[in-house]
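Report on one structure; see the data block that follows.
Chain IDs A, B, C, D and E follow the sequence of writing; residue 1 opens each chain.
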Amino acid sequence: MDPLFFLLFAFIAVACGVNVVLQKHPISSALSLVAVMASLAVLYLLQGAEFIAMAQMIVYAGAIMVLFIFVIMLLNAGPEETKGRSWAALIFGVPAIIGLMGALAYFMQTGMPELGSVKFGDWKGGGAYEVGYALFTEYLLPFEVTSVLILIAIVGAIVLARKEID
Amino acid sequence: MTLLDIIIAIPALGCILALLIPRNQAQFSRLFTLAVSLVTFVASLGLVTGFDQKATGQQFVTNFVWIQNPEIHYHIGIDGLSLWLIMLATFLTPIAILISWNYIQDRAKEFYAFLLLLEFGLIGVFSAWDLFLFYVFWEVVLIPMYFLIGIWGHDRRIYAAVKFFLYTMVGSVLMLAAIIFLYTQAGTFDYVTVLDMLQSGRIALTHTEETLLFLAFFLAFAIKVPLFPLHTWLPDAHVEAPTAGSVMLASVMLKMGTYGLVRFCLPMFPGAARENAPWIATLAIIGIVYGALVAMVQPNMKKLVAYSSVSHLGFVVLGVFSFNQMGLDGAVYQMLNHGISTGALFVLVGFLYERKHSLAIKDYGGVATMAPWLSIVFMITTFASIGLPTLNNFVGEFLVLQGAAIRSISWAAFAGLGVILSACYMLWMYQRVFFGTVDGVEAPADAHGGHDDHAPAAHGHDAHGHDSHGHSMPDLSPREWACVVPLVVMMVWMGMYSQSFLPVISAENARILDSTRKSPISSNVKITPVTGGSANAR
Amino acid sequence: MEFLVITGVKLALILFIFMTALAYLQWVERKVIAHVQVRMGPSRVGPHGLLQPLADVIKLITKEGVLPPHVNKFYYLAAPFFAVFMALISISIIPFGTDLTIPAITLGGATYGPWKTMMELADVNVGVLLILAVSSLGVYGIALAGWSSNNKYALLGGLRSSAQMISYELPMSLAIAAPLLTAGSLSLRTIADTQTGFYFGVIPHWAIFQFPAPQIFSFIIFMIAAFAETNRIPFDLPEAENELVAGFHVEYSSMSFAAFFMAEYANMVTVCSVATILYLGGWQPLFPASLGSDLIAPLLLAGCGAICLYHGLHPARPFDRITLPVFAVVFFGLAGLMAFPPTIPILMPIFWFLAKLLFLLFLFVWIRATLPRFRYDQLMGFAWKFLFPVALLNLLITGFLVALAS
Amino acid sequence: MDPAQVAETLKHGAVPTAWYLALSAVLFVIGVAGFILRRNIITVFMCIELMLNAVNLSFIAFAHEHKQVAGHLFTFFVMVVAAAEAAVGLAIILTVFRNRSTLNIDEIESLKN
Amino acid sequence: MFKLWLIPLLPFLGFLINGILGKKLPKLAINAVAVGSVLASFLWVALVVGPSSDWGANKLHAHYFTWIASGNFHVGWDFAVDKLTMIMLMIVTGIGTLIHIYATGYMDHEGGYYRFFAYLNLFMFFMLNLVLAANYLILFVGWEGVGLCSYLLIGFYFHKKSATTAGNKAFIVNRVGDFGFAMAMFLIVIQFGSLDFTPVFTKAPGAPVETLTAIALLMLVGAAGKSAQIPLYVWLPDAMEGPTPVSALIHAATMVTAGVYMCSRSAVIFLHAPAAMDVVALIGLATAVFAATIGITQYDIKKVFAYSTVSQLGYMFLGVGVGAFSAGIWHLMTHAFFKALLFLGAGSVIHACHGEQDMRHMGGLKKYAPWTCIVLACASLAIAGFPGTSGFFSKDAILTAAYEHAPWMFWVGVVTAGMTAFYVWRAFWMTFWGEYRGHGKPHESPMVMLAPLMVLAVLSLGGGFLFNVPEILKDMFPLKEEIPEEHMLMAISVAAGLIGIAMSWYMYVVNQELPGKIANALGGLYRLVDDKYRIDEAYDAAIVEPLIEGSSAVLWKTVDAGIIDGAVNGVGSQARGIGNVLKLIQSGNIRSYATWIVAGSVVIIIVMGIAGGVR
């Protein structure tokens, strides 16, 4: 079953990922991205990361992407304009992407060490309890720091987005 | 918790508290910071009385691990070398606050707080026994001085402040790199441990490594000293700085560089230091003569004094790199002397500036008529700076030159030219500023000397009340007396009875010199044999 | 294989009952509101309008689906299905009773079974999170519908909806977190199980009463947020007829239109089920069986049967003479089933669950009939300035108390 | 990776961890490509999210590989940061749009030289 | 037990009292303090230290405190008294007292009265220090200290630019000399490890000759600075800007002779460095001749005496250089008497003429100031070497020694003696004979000024009989045996003096047009001499101007501002230039940034992969 699910959702993820890039309209991209995230959530589940999978859905798909869609709708963004001025991106962009892909592929092919395999249910260390325990013991400080970060982000977002009071 | 900790803490606390004073309470902030600095000074007197003159090595030690990993200690302590430099800092800070009493009206509280912060950093620099801690204090000192110049300076203050900052940063970055390299070798920043490892050969540096490390430290210190040709920040910084800033800069901050040379460069890298001594000494000598020559033609009093500092500090470096007891003693003593006498010069130039709002020598003349006591004090300071025997600078300069002569008589010969030239520039300035007549017209020959009694100090202002050209000038006020009297007393004391100060320094220097000989690294470097049969040469 | 068969059977059962219930929920709503407003409500199709839902369904299915010009076809068509899809997913993990053991059957020598299964489609470790995740995805349907309609009212509706959903998800999540603390699990079944038992033999062990931290405030917050999440009055800003004509579904017709309604009612059922499980003890009875809680169901059903019989004997309309006795027989049959000892352990939990669920659904309808709509700024302000801090405070207090008690 | 070994793994109903990593890499490159090639500022932003997701996937894969929960926590933090980033980033986009009435990233280039 | 410290400290107390409180004290009190302190010091020397000392080979030695110590090197604040010191003490305190008394009259109408006496007392303090010193460093303290006082007193009229400039010149030129002295000290420390006289002189005979020569020559530089010898004599004539008592005390009687004293003190070193001795003698002789020629042409009465001083100091150095240390000291003493007298007399003359110093505006003063005339005549006779006067003995001793050393030196010395007699008596005739050519009515000086003059006149005339210095110092500097030509030499020198006097009589009393005619005849040569050989101008052009111009134009403006700051700023502007190129990458376009980032990461991945970072 596992390989099947993996291949299915991997295919969805890649296809939708490509779609994110190819779609001209941001809403389409956003929805494709939601699909990518959802399929990734399934892949997380396959690896026993229940909590993170749910968090992925709630935070990414449920909050962040809704925010994106909200903004797209608010700005009533249309399809992308095609005129561009970036000579660097024009000349080097595609080679750089191909280079990156090639380099990654090459080194993953040659340099990848012996890795194990993933089978659903063979590791149950990713439940809410385990994550929560680690989060509030070993990783308490980063957790608190991120809370401060979030607070700052909220304040920053409000300051940025509010209409000028004058 | 030793007395030293308390002395470091007082200015830091005072600085914070001073910042809490409401903005409109400028007078209170003055009084408060003055009180804080005086308390620090009185407390630091305890260092002198409590210092065991018999023992060598550090005293008043506090040593605990500040940061576990990387291993950084809060390790402070003093020895004979740092004792008097700390005293110098605590001694001059109250004076620096006093001389700014009326001059600083804008953002007074911050100014005084910065002075306290400066004092804190200076005491820290001179007492730190951990390389990283030293570096921290080294940079702490930089900040208040940057602001003192940049905020309260004269017209080109931003230029000067940035120049000052950049120059110093270049050096300190190199020093930081060297410190970190040492850390990678030793696994700790604690200076005592590092030094011990270096001297016992547990850290085996190659010749190149040692030379490079030495140069990194040396460059940082040389910029601070400043050694020719790295000196050009100094005149600008001095000219633009407020009086108190100049005083602290010249008197204490420059000593950080020379202190670093003695404290770090010599014991850690004796081989490299000895190898490089010839050209460093040459630079020092060039600095002596060059500073004096350039000082001679300065139209600006502060710039003149600044270049004279370049010249004087050249003596210190020369003494350090003479590698003998007399040279080193003289160098350290000269640090103190220069702190007192040049500090006093800046104080007095500041007084003149407050009176006439000009630093140009040509704007002055006949001050001796209007403000005789100011002139007399200035003259004493001038002669101290020139190196008149019985005043302080002579002792240091003599020992330095003697030490240099032991190493090579030609060093002393060339450096000695600086002594001649110092008389030229100081006396010429003194003549143009204080002598002559107020309005530049020479008095009739038959009326010579007459003005002196017609314009006594107390009535200077009244006597010239009719003068519509602003040619009157009050003599020293009680506050100004309070600033200069301690300085003059110190000049005479240090000049007449150096035994109050020298033995402690001497003992520590002997230890340092000794360690430069014992070190296994220096054994492969040929030690220049000292000429002559002087018993003390080694 | 057995697993698949059983699951398939369960799926079919649940789908059938659920879809029917959804249709009839609307009838209930119309009826209740009508009675609240002293009207008759649907009464023409079937007795008391009982066949009205059927009629509606037929009408909607047979109507022509209008595709307006200038809409984004793909998203326009996909949006309602997405909404329904998301709404139905949640139901699959709601437990509505205890274990069910079907005894072994010997058939042709071979023994099959016995089968043991849960009264839900799937038991998920992180059920609560999954519910939250899925409900947070529900907004896409509305937002997409609003956007793809290419209509300013629809767009505004979609915008409001997404903002509202995100805003109310926060207090909702925080409210949920509090009972999770007392339960110590994310699995819905475990949560319900922790609420077994009674204090002093009388007061049920439900989360809203539970020691050390009664979750009554959490429950209220959750219900308020649930109203917003389901776009129900008083928070039905996205559709607000008076302002936005009909909000996000202004352009929709026929089955697509019905789909949104289905989604809305399905969501209602979902949140009410969750509330029941989290706060009201799921299938736990109101008072102990020793005090005769098992008798409630048969008595109630028997009573219903009696009433039906009485009205059948004194018909108000000609058909009543036939239909009501039929109902009466059904009720009596059910009452008998409830009183039949072997089925009691299976059916009692279901009864209690449905009772609570229906009560909450009634609450929804009741409030719809009672309260006016909020203004938009009031809506947001209420969420951020009141509900959010209160939920946070509640969570803090709960955590504190739980830590004290443990 | 040895094909025979892969086949063996698949036969046991398991997926090689390397496949997850490969998927992660592919998604990442897709994100990069979108970042470079797209002109709509919102799309670009989404591509960043895609990259983050790709990285998250490898975190999870490594967490499973090493049977340590730390990877999950990193993912969690990445999510939190992404949320903060989205809030601020979208606010910035709003402001930019308000001031310039464009979402074309190539026209927003006054911060140069 | 002789409390040697009292000797310098008494004047120092005077200095402190007058310096700090002087402004508020009445003149009488100032006088009392100033004169009293010096007089007390003199009396202490003359009555306590002098008679009760056990004058053998031993000398009094007192150690007060360690001044500088470093390693094994110690310098104490030590005083020592031997016969040489005793003579100097007597001269300094004795003549000092007389001049102090004189000054109370001379300075009566001047401003800054208290200041003047404070300075004078300070000078006494340092001078006594110099004389009493038991090591070179304390000697150097006095050496520099008297220079300081000289500076202060020359610049006493600090409103006059010429005065303050002269003060500066004095100090700076002295500094050049001090530099030499200091270098000598360094060499001494290197060689002997100490600066105390006793060990140095004990070890000196064993030291290498080259070192000793170097030390001696460097000392000579110091001495030349202080004692105004070629090439450092230029400050002394200018120093006449100071009040006349200062000229008398410092620039004639005491300070300027410190060089001679030092050389005599270091006789052991000099005696073991014959080459240095020759140089000393040559410089002395050259200075004597050179200054004498200038003295002939001067009209300022004080300048005449100043050049005379330079010339006489040259004599003393000649004496030292030829090995006749005691003769040098003797001449030092007699010169102190008559030159102090000359200056004080000149001061009296100037006083009489209301501050006029130009001799062309004097004349005929013998009518108005007879006492002054008489005492100046005495002094003039003495300096001319008139038989029986003090100058006769000392000068004869030097010339005799010079003859023994090298006869040509004797002859040059004789000519110089003749010139000396000529210009001194020229001044005498111009001042006292003929008609009064000045303004106002001249008057005789008050008694307080005349009394010291008379005392000095007696000493000038009889000093040679009273103090036979070579005899006194024979322990230290053994007497030379008599030589046969002595009487003849004596006659020649006396004759030279008399000829000089006669010539001046003829030229400035009998035939007054003659000097002008001679001057015209000599033309350029005369003007050259009249302009003091334009040495000052030459120094200015050769040293001062290049130094200032070079410092200003080359060092300050070019090296400092141009090269160093230029290099620093150049680094800055180069960085900016590079930045200007690099900022093209900073196009503001986010996509190009992304491209760079990706390209960079590709590179990093490849590098890591190749370097084995990926495993």
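Going forward, a residue touches a chain if its C-beta (ideal position, glycine included) is under 8 Å from a C-beta of that chain, and two chains touch if they have at least 3 such contacts.
As the structure is a prediction and not an experimental result, all values here were calculated from the model.
Listed by label, the chains that touch subunit A and also subunit C number zero.
The greatest centre-to-centre gap from subunit A, using C-alpha centroids, is found for E. Should one ask which of B-E and D-E has more C-beta pairs in contact, the pair is B-E. Think of the whole protein's Cα atoms as having one middle point; the chain whose own Cα middle lies nearest to it is B.
Placing every chain at the mean of its C-alpha atoms, the farthest one from subunit D is found to be E. Subunit C and subunit D have centres, each the mean of its CA atoms, that are 37 Å apart.
Once the centre of each chain is set as its mean CA position, subunit A and subunit B turn out to be 60 Å apart.
Here the CA centre of subunit D is 90 Å from the CA centre of subunit E. Separation between the centroids of subunit B and subunit C, computed from CA atoms only, is 83 Å. The multi-chain contact residues of subunit C, meaning those touching 2 or more other chains, do not exist; every residue touches at most one other chain. Shared contact sites, meaning residues of subunit D that touch two or more other chains, fall at 32, 36-37, 39, 106, 109.
Shared interface positions of subunit B, i.e. residues touching 2 or more other chains, are not present. If you check each pair of chains against the touch rule, the ones that pass are A-C, A-D, A-E, B-E, D-E.
In the complex of the two chains, the subunit D residues touching subunit E come out as 32, 35-37, 39, 44, 105-106, 108-113.
Those residues of subunit A that touch subunit D in the complex are listed here as 1-3, 6, 10, 13-14, 17-18, 20-21, 26, 29-30, 33, 36-37, 40, 43-44, 46-49, 51-52, 55-56, 59-60, 63-64, 67-68, 71-72, 74-75, 77, 80-86, 89, 93-94, 96-97, 100-101, 104-105, 108, 112, 115-119, 122-123, 125-126, 130-131, 134-135, 139, 142-143, 146, 149-150, 152-154, 156-158, 160-161. For subunit E in complex with subunit A, the residues that touch the partner chain are 585, 587, 589, 591-592, 594-596, 598-599, 601-602, 605-606, 609, 614-615.
Here subunit E touches subunit B in the complex through residues 23, 65-73, 110-113, 115, 137, 140-141, 144-145, 148, 151, 155-161, 163-165, 167-168, 171-172, 175-176, 178-179, 182-183, 185-187, 189-193, 355, 547-548, 550-552, 555-556, 559-561, 563-565, 568, going by the rule given at the top.
The touching residues of subunit A, counted against subunit E in their complex, run 84-89, 92-93, 96-97, 99-100, 103-104, 106-107, 110-111, 113.
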